[in-house]
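What follows are several structures.
Both complexes shown next keep chain A, but they swap its partner, so chain B is in the first and chain C is in the second.
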Partner chain A sequence: MTTMFSTAFRPLGSDRIDPFLVVLWIALIAIALIWVAPIIFIVFTSLKTNADVMGTGAFTPPPELFTQNYPDAWQRGNFATRFANSVIITLVKVPVGLMLSAMAAYALARITLKGKKLLLLLVLFGTMIPFQVMLAPLFTLVNSMGLLNTRLGLFLPYIAFGVPYQVFVLHGFFKEVPHELSEAALMDGASHFTIFRRIFLPISLPILAALLILDFVSTWNEFAMALVLLLDSKMWTLPLSLMVFQGEFGSEYGPLNAAIVTTVLPAVIVYLIFQRYFVGGLTSGAVKG
Partner chain B sequence: MADQVYQVVSARTASDPAEGFSWRGAWHAPLTQAWLLLGPAMLIYAVFALYPMVDTFVLSFQTWNGLTPHRGFAGLDNYAFIFNDDPVFWLALRNTVIWTFLAVSIPPLIGFGLALAVNQQIPGRNAMRAIFYLPVILAPIAVATMWKWMYDPFFGLFNQLLTSAGLQGLIKDWLGDRQVALYSVFGAYVWQHVGFSMVLFLAGLQGVNQTLVEAARIDGANRYQVFQHVTLPAMSTSITIVLVLSLIQSLKAFDIVYGMTLGGPAQSTQMLALWAFTQSMQIHDFGRGSAVAVVLLLITLAIVVPYMLWRMKREEGQG
Partner chain C sequence: MASVHIQNARKTFGDSTVLHDVSVDMDDGSFVVLVGPSGCGKSTLLRMIAGLETISGGDISIGGKSVNRLAPKDRDIAMVFQSYALYPQMTVAQNMGFSLELIGAKKPEIATKVEHAAKILGLEPLLSRYPRQLSGGQRQRVAMGRAIVRDPKVFLFDEPLSNLDAKLRVQMRAEIKALQKRLGTTTIYVTHDQIEAMTMADKIVVMRDGKVEQIGAPLDLYDRPANTFVASFIGSPSMNFIEGVVANDGKTFFAGAEKLGIPIPLCPAQAVGKAVLLGVRPEHIVIDREAGVPAEVWVVEPTGAETHLVVSLGGAQVTCVLKERISLQEGQTVPLAFDASLCHFFDPQTTLRLV
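Up next, the complex of A and B:
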């Protein structure tokens, strides 16, 4: 703490306080306040009765904490089932998808293979193609397999659209691992599976963690594919039920905002705990790659 | 370090029971191993991502309602329809162009400014980074619902603030007014996406040579000169990457529009991705929907392909 303040407002290599930085700091605080304002507004509304929503100011804290909105939203939005659906999909898809991506990335980075360049190009290409463009053919495909309204039918496209970025990032990482590490083990008769499992997985834990967390959030948040592939309300995930909730109870502000908070809370908690990994996962693909 | 890891590994593999397998030869053929490792991911990727993309092109030349088994050949009819007889398509294209233009200029610009600012020696900069990045991790559909409520004409945040500031004249039905709805939706988009640009720029700023900055300072360069001659040139790669990623993201804008306006009022916030979806999944005209999707796909490819070539060249240059 003391070191932080002894260098605060002082440009690199200078020990005098820079007035420009003080002004900048005040401006930044103002912007940061604007940035959190919507979140404060939503949380406050979620804890107010409808009468208080209409009667008190936007940033007035709830006169009394009306927590009833949460069980209310939970029940009316049928969130118990849908929360469980989201949890199941996310907890299965994220680790399985990442494992498949890591395996593929290893093969592309460390095994001599004809047509490797083409495969890599195909993967890189996939990181930039918007699946929003393909919702209708995706529906057609999943429907023709008889997988509409099934977890598997959502799970497979989720993996397909998660693979490119993860393979791309992990390939970049695996490529840089010193060759002595795997070559010696290969000479010793170890298979690529062993090398992958015993050497590459352990040393790439930080980047795997970063990708895992990033993918957790995007899977948890995914809406468009679920909208097209899950027509049965029993299978809906949280983002879908929030959309429906908004349509049905749009003017019941308390429960509506409680529903918003419930939907985003898991992602926010994961973000706050693993913040460091987030930035790592995001930038390792975009900037260093 | 490397030797240690290797010793641990070789000690373990020596006692691995798999070593004694009879079809060990085949198992150990690098090609078999490569395909066993690559196969699952590539197969799923090919079937559920590449095939639908190809099918988009195929469908755009067919007539199909998505239900009957038969898909009829339509030639260029779908394209002729969307170009000549579908006013919504042109509106969606126009909105997509406006949206994209705004999305590659405003969030990256704010993000760049914030990145420069939070990169300085100021207290609480980590907390500020966390705040600016927080909206990025929220579900777009939740952001849409949040902002829809903030734009509520009666009790929403904006009209409340305007009323308390005595600016009743500026009160609007933010999402119901055709003139402003697109920009209102874009406001939510800016809030959500600035943090993304900021984080990428911050990563880029770590690559700016601090010795060079200090040297320029000692030589008497002022803050702006350092920025212009040292920081900015070193950031050119980051800037390109952020612009391209912002552009691609903006073309994909779907959830946030769907959640806030469904393309309305009177199609004033309609965009290509959403219109392709609406034509196929709601009007049940998969041919026309796919023709719209192909237009969007071609626009995307026109940006993605040159970008990929540029990146590949850069990587090869690096070694």
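Up next, the complex of A and C:
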């Protein structure tokens, strides 16, 4: 603790406390508290009996651990089906989308192509349209394709809305990869596909990991599009099932919060797995020649 | 191994022509250096040979076969880049074996060839390291190893030493030359450094503004530069050029505005009675107390081994490199003489050499 304080508030190599660093730390801690508060509330509530929820403060730890909320929530929310729906959609969409983005970004960054600028602009345009605006036309489109209530019907719009941002980020990165690196590989006999797979993908692993985390979380949590395109509750994903909890069990906060924890947990696990990788990648200087 | 022939090669980027009808013949097994100031098109020419740039006109052939329409990988050449361009996520051994892996060579074969190349370059202890764990000189060697492993017909180097410090540069210069002699592979080497060109090349191609100024063996260029550009580019410090007129008897040169008479008994016949540019290398000027012409000393620079003088000779500024140590002060006069057989005469209009 003493060593932490002796370095945290001082510029490197100085023994005077820098007030700006103190302000930074206070801001950091305040922000962390704001973010952590609802999580604590949710976890605590998910472990309380209904009586305890009413009888104790929101941030009071559960007087006794009541785990029955979890199996209850699982059953009432029909999680067996919905969890599977979410898993299938996410596990297919995230890797496929990321690969498509990476390939498109490589093509835009490295292949000589007439009208490339226009294509890139078109893709960037995709990042600027709020998807809420597109919900009604999207419904009509998916309906006309006969894909309402199907996984494919959700998968295709997810890809369409996920790809532009990823292409934007990856294109920015690929563009900065030294040309000599591609050219050396070209001289070594590599095709574009080999250069993409053996050179570009490995050196962009940290960025791919970051995009994967972001995309996993946003796909896993996606609500509005799923709500519009999945009318049949058998096809629902996890976020939609939470909506039902609020309607049916309005006063039963225990099961609701258990359902929330169950929904969020996979995203947290994925984040923990890949963030290590992504931080490690950035600090190992993988990109430097 | 193969010879390389470049016939009227042209390169245009949009409206600007970067190479104008460049023709060079390179013999099998020779070490050819493309040299010239920055932006003269050396890299572009090298990249056209490599297949990294298209050929706008003319023909390039390797081993007697035109490569104009061949992809880089089908030309059987290897290139060492200025930035080394090592694959950052591969070890030294993987970097070196990558090309073999891509043609489907078996693992033991790759390992043997990589080890062989590593041995030649002294890279054996580094084979499992990553590029970021290597010094500049070591990276340079790995880049060369990557080229050697393939046993190509031609090696291409684009300013491979320019990122190294001066001492290492001199050492690598000798190593690359020795390696080339040992392997006997035709090598094309780009540099802007005339010392590198002089010390390494069998044949130098001097370029300027996308044109070839002169092609020849290093000492030929030094002894008989075709024009004032080559004359001043090759050799350090640069050749002195003195404007003046050759006397009608062809034995005296009147230098500069002051028409200072300098006895040069061997002026070429075309120069007699004409205005010319006299070219004299700094190292070909000597102090001659009997026959020397007086020159006023402007700057004295002792380097230890030599003494560099900047003098005024009939109003023209002239640099001299004297082998002996002499104590001179600025403002003094010193009697200087030129060896007539080492003087060069150029036409002041065309800048071409007068034979």
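Note that the second predicted complex is superposed on the first by the 235 of 289 C-alpha atoms of A that agree within 3 Å, B and C clash if a C-alpha of one lies under 4 Å from a C-alpha of the other, contacts with A are read in each partner's own complex, and residues count from 1 in each chain.
The rule is short, and it goes like this: a contact is a pair of C-beta atoms (placed from the backbone, for glycine too) under 8 Å apart; a residue touches a chain by one contact, two chains touch by 3 or more.
Everything numeric in this text was worked out from a predicted model, so none of it was measured.
Colleague: A:P178 in the overlay: touching chain B, chain C, both, or neither? Say first, second, both or neither.
Modeller: Touch partners of A:P178: chain B and chain C.
Colleague: Scan A:L152 for contacts with chain B and chain C and give back first, second, both or neither.
Modeller: So A:L152 meets neither chain B nor chain C here.
Colleague: Scan A:A80 for contacts with chain B and chain C and give back first, second, both or neither.
Modeller: neither
Colleague: In the superposed arrangement, which partner chain does A:D188 touch: chain B (first), chain C (second), both, or neither?
Modeller: After superposition on chain A, A:D188 lies in contact with both partners, chain B and chain C.
Colleague: In the superposed model, does chain B or chain C contact more residues of chain A?
Modeller: B
Colleague: With both complexes overlaid on chain A, does A:V23 touch chain B (first), chain C (second), both or neither?
Modeller: Neither partner.
Colleague: Which partner chains sit in contact with A:I88 here, chain B, chain C, both or neither? Use first/second/both/neither.
Modeller: In the superposition, A:I88 contacts neither chain B nor chain C.
Colleague: Residues of chain A that sit at the chain B interface in one complex and at the chain C interface in the other, please.
Modeller: The overlap between the chain B and chain C interfaces on chain A comprises residues 178, 180-181, 184-185, 188-190, 194, 198-199, 203, 286-289.
Colleague: Could you list, by residue number, the parts of chain C that touch chain A in their complex?
Modeller: 50, 52, 72-73, 77-79, 81-89, 98-99, 102-103, 131-132, 146, 150
Colleague: Once bound in the complex, which stretches of chain A touch chain B?
Modeller: 4-5, 7-13, 20-21, 24-25, 27-29, 31-32, 35-39, 41-42, 45, 53-54, 57-58, 100-101, 103-104, 106-108, 111-113, 119, 121-126, 128-141, 156-157, 159-161, 163-164, 167, 178, 180-181, 184-185, 188-196, 198-199, 203, 217, 220-221, 223-224, 227-228, 238-239, 242-243, 246, 250, 253, 256-257, 259-260, 263-264, 267-268, 271-272, 275, 278-279, 282-283, 286-289
Colleague: For the complex, give me every residue of chain B touching chain A.
Modeller: My answer: residues 2, 5-6, 8-10, 12-14, 16, 18-19, 27-28, 30-31, 33-38, 40-42, 44-45, 47-53, 55-56, 59, 66, 114, 117-118, 120-124, 127-128, 130-135, 137-142, 145-150, 152, 155, 157, 160-161, 164, 191, 196, 199-200, 202-204, 207, 210, 213-214, 217, 223, 237-238, 241, 245, 248, 251-252, 254-255, 258-259, 273, 276-277, 280-281, 286, 289-290, 293, 296-297, 300, 304, 307-308, 311-312, 315.
Colleague: For a test of understanding, state which residues of chain A touch chain C in their complex under the given definition.
Modeller: Chain A residues touching chain C: 178, 180-181, 183-190, 194, 198-199, 202-203, 285-289.
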